[in-house]
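Going in written order, the chains are labelled A, B and C, and every chain counts its residues from 1.
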Amino acid sequence: MADAIEPAGVKFNLEYAPALESTSIVKIDAEYGLFIGGKFVEPKSGETFATVSPSTEETLARISSASAADVDRAVKAARKAQTEIWGPMSGRDRAKYLFRIARQLQERAREFAVLETIDGGKPIRESRDVDVPLAAAHFFYHAGWADKLEYAFPDRRIAPKGVVGQIIPWNFPLLMLAWKVAPALATGNTVVLKPAETTSLTALLFAQLLQDIDLPPGVVNIVTGAGATGSALVEHKDVDKLAFTGSTSVGKQIQRSAAARGVPLTLELGGKAAHIVFEDAALDQAVEGVINGIYFNQGHVCCAGSRLLVQESIAESFVDRLKNRLATVRVGNPLDKNTDVGAINSAEQLGRITELVAAGVAEGAELYQPECSLPDRGYWFRPTIFTNVQQSHRIAREEIFGPVLSVLTFRTPEEAVAKANDTQYGLSAGIWTEKGSKILWMANELDAGVVWANTFNQFDAASPFGGYKESGFGREGGLQGLAPYVSLSSPKRGSR
Amino acid sequence: MVTPPSRPGRLGEVKTEVATPTASAVFAPRSRSGVALRVTPVDEVGLEARAKTFTTRSIKTSSKRAAIDLAVSCIDLTTLEGMDTPGKVAALCRKAVRPDPSNPAVPSVAAVCVYPQLVPVAVTHTNGTGVHVASVAGAFPSGQSSLAVRIADIEQAVADGADEIDIVISRGAFLAGDYNYVFNEIEAQKVACGPAHLKVILETGELGSYDQIRKASMLAMAAGADFIKTSTGKVAHNSSMPVALCMAEAIRDYAEQTGEIVGLKVAGGIRTAKQAWHYLVLIAETLGTQWLTPDLFRIGASSLLNDLLLQVQKLDTGRYSGPNYVSVD
Amino acid sequence: MNERLDVQKTYKLFIGGAFPRSESGRTFAVHAPDGSLIANVASASRKDLRDAVVAARSAQTGWAARTAYNRGQILYRVAEVMEGRRTQFVEELCRCGVKAATAELEVDRAIDRWVWYAGWCDKFHHIAGTVNSVAGPYFNFTTPEPTGVVGILAPEKPGLLGLVSRLAPALVSGNTAVVLTGEASPLTAVSMAEVVATSDVPGGVVNILTGATHELLPWLLGHRDVNAVDLTGAPDLEASVVAEAADNVKRLIRGEPDDQSPYVIADFCEMKTVWHPIGR
């Protein structure tokens, strides 16, 4: 052994380096106006509010708060653009504008990704690999529809709804904007969009992008603000269609208002998805699916797999696998490329998560959180697994919208279905088994708009997304996602 | 001819003699200690997606040097060519013992890996250095000789001084479903190895699916492998991150189910330091850092070593370097 | 001349495959244009509505689980049985003041509409469903499923054809229905129920309630176990009544009284999207 050189230290400790994404690409203004009629304008209200970075609690900018008068101005701009320009425009030209948007989003992808992470707290890995590419893909997909609508709805007369009011949440700010704006524009509508008050920045950067591509003024208007701004948009008498993504409670308020006036509506609301793992599953991939299903975007995902239903025969070992895997999940600075779980979006949301987790403990569920150090400033919550959860516990019924997994068990496929469907929600569900016929049986039985079998949290512009039951109605994406934005009527013809 | 010891068949039926392959597609192996093994199915898309995530981890600069040293110390520095000569092997051994003559801080590699014919040469040139001599024995790389011939090959290599033996499984019998046959063969070759460590090459590029890789991993471990190894480097598809992940997960399951610890060797196509880091991250996050030692992890490679040395020079000098600044072998 | 005395029909509700009177005991009178009394028709109460929803819910899973081929044959059977009663339907329309030629046309079209929709049962998935080309190694498809229990406000005009035009497409995908027919065309509505009852349609799949729609509607819209309500035939509604639908995020459907289209079938459907990896 004389000549041999041994490596230093018997046990090797693999430390990851902070790999911070540079923020130099992003320029944040001190103050933002409202985007109305193709220009940034001062709010009539004169009011602004601060938007903070949830990972540092630093104020990033001041955002204008749109009053009812501002919303009215935006709706008027949208109406004018719809009747005079966008409605009469050929599908071919609308398509070209949408293609331009898609290309610009691809070219400026890094800028949008970094800004999304700064403003919303989500890991740069996700904004870079998921949010922004999917947003661009959504515009590209719908661009192609703009001049092909007669193939989407054969044997129908097709007309745009007109002016569409859209309200989006803070969990996927740019992506939700794309899901709303792209189909609306492709079908000839104009838009008044309200981003969530904690995450307006990428929408405002998007507005600048629209100026760069010369989108006609008024086709897209962005009114920032909180709930009151949203109400003003919902209540506005000259809006022809409403679309909302957000909580079920707010969704119901909006439906009350819209239904009473007969305004067409699509809702994409909350969820409490069951993620069902059978003993014959590809267990290592199931572990990945479950981890991705609940900790992706800090669990701020309406379709998150927040209820793990695992077959009793493998429950213990599967939970062990989850805990082992959780030990490698990295929580921290969202701008770090090694980060898997970033910051909770707001102090308010952190409070809600904390409250429900406390309820889980009080109800007798067993809490597990891995050791991990959290930054001193900002809003953070440790990835959490609750075991011994019963169907009647609050943490098994209420949407937590955070990185909290509730584990329940089942014995038979029938029981899995019964437990999975025992909720007022019906947005998504996950199935893990290597038995094909069981997948198809389960997929049939589950009340959910999206069923992921042997995968989870996959999204695509061509794939319709939306819920059953109180998770909402209408679809976004795919052929089915176009329908809410058009008025269809029977063609005039003789009796058949 | 060595016949495998007669004991209750861990794959079901008792076989005392390896004979003509016969299909018996029931796969229900037991571990060396008799534990019935569960083999988990594998989903290709999910596995590959997970494998990709290891390639985006960034290693801390202060850990980087240690990572390079570790990677070097885990290398089975390999030459497996028809044109190999004693001179080539001598040069390889020198490089293995002292990878960078100008920098004594760089550790030796784990082993040199050569054809059986050249084992005596390798033994001569590594004697007393701590660098192991590994030999690919048993009709490498196809394994298409009679078991008797393969066993003789192994016995000769061990007699010549090889302390690690890399063998291939009979892919034909495995794909034909004759798991007993494959199991018994490995077991017999393990006996032939005597004190030498046995690395069992699955030749994953010929198995057709990750399910088969997982199954072959469990089979090889149950039959006595000290290491399971991805590939010979002689077919189109060699080691890849998903293949290594699939096998690492099998090793983890085997350890959980039996308490027995088996090593992993990845081989073929690993040429850059960056690739080596990706594998280290994969092992650390799948099996834990306790697997990151030459006793349990090996990289079969030849050109990788020089790329690692160039990285050391970069760390030491702050300059990017070039191939003229490291020895060819 | 020995004229035979008519046997007059009692016009009752249709709930769970049976023909009960209203539990409230109420009826409303239907008169001919000349003012003469044609019948006293049962006037459904909210308890009848509740019973109808229970019947519809318990029939829903079974109806949806039948093969599309089977549902198609049953809906076609409705047309067959209705054809046999063609004269009766025409006569009932005429008694309520519709001209003979118009009545004949309406009945023919109603029968043909059943035939048309019967044929869609095993075909509308081709139109409403899709296979989606996602950017990854996944097989992805979207398939329509029944939304569950649907409430239908039958259009007042055309009374019979309107009822069939909204009911038949709802049944195609496997929904069960609670139909409020109001007070406008109760004779044909009840006869339609009798046809349904004798056409192999399982009890509870179709429930028909005659009576005061404005009284029942708030209960229907507010019912948490009703998944969707078709307002095509709704009179002018009070805003606060329709708002009740939001309580369980009910789907509200508005169409045309005399439309015939696979899009109407889709209006009564949920779209389910399924993902699965493609691998070895």
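Please note the rule applied: a residue touches a chain if its C-beta (ideal position, glycine included) is under 8 Å from a C-beta of that chain, and two chains touch if they have at least 3 such contacts.
Predicted model, so just to flag it, every value in this text is computed and none were measured.
Traced through touching neighbours, the fewest hops from chain B to chain C number 1. Each chain gets a centre from the mean of its Cα atoms; the one farthest from the centre of chain B is C. Computed centre separation for the pair chain B/chain C is 69 angstrom, with centres defined by C-alpha atoms.
For the pair chain A and chain C, the distance between C-alpha centroids works out to 37 Å.
Mean C-alpha positions place chain A and chain B at a centre distance of 44 Å. In chain A, 454-455 are the positions where the chain touches two or more neighbouring chains simultaneously. In chain B, the residues that reach two or more other chains under the touch definition are 43, 45-46. Residues of chain C found to touch two or more other chains are 136, 138, 277. By the touch rule above, chain A contacts chain C in their complex via residues 137, 153, 155-156, 248, 251-253, 255-257, 259-262, 267, 269, 424, 439, 443, 448-455, 458, 460, 462-466, 468-473, 475, 478-480, 488-490, 495-496.
Residues of chain B touching chain C in their complex: 43-46, 208-211. Residues 40-43, 45-47, 49-50, 56-63, 66-67, 69-70, 72-73, 97-98, 104-108, 128-131, 249, 280-281, 284-285, 289-290, 292-293 of chain B are the ones that touch chain A when the two sit in their complex. For chain C in complex with chain A, the touching residues are 109, 116, 130, 132-136, 138, 140, 142, 227, 239-240, 242-243, 245-249, 251-252, 254, 256, 259-261, 263, 270-277.
Taken together, the chain C residues at the contact with chain B in this complex read 136-138, 277-280.
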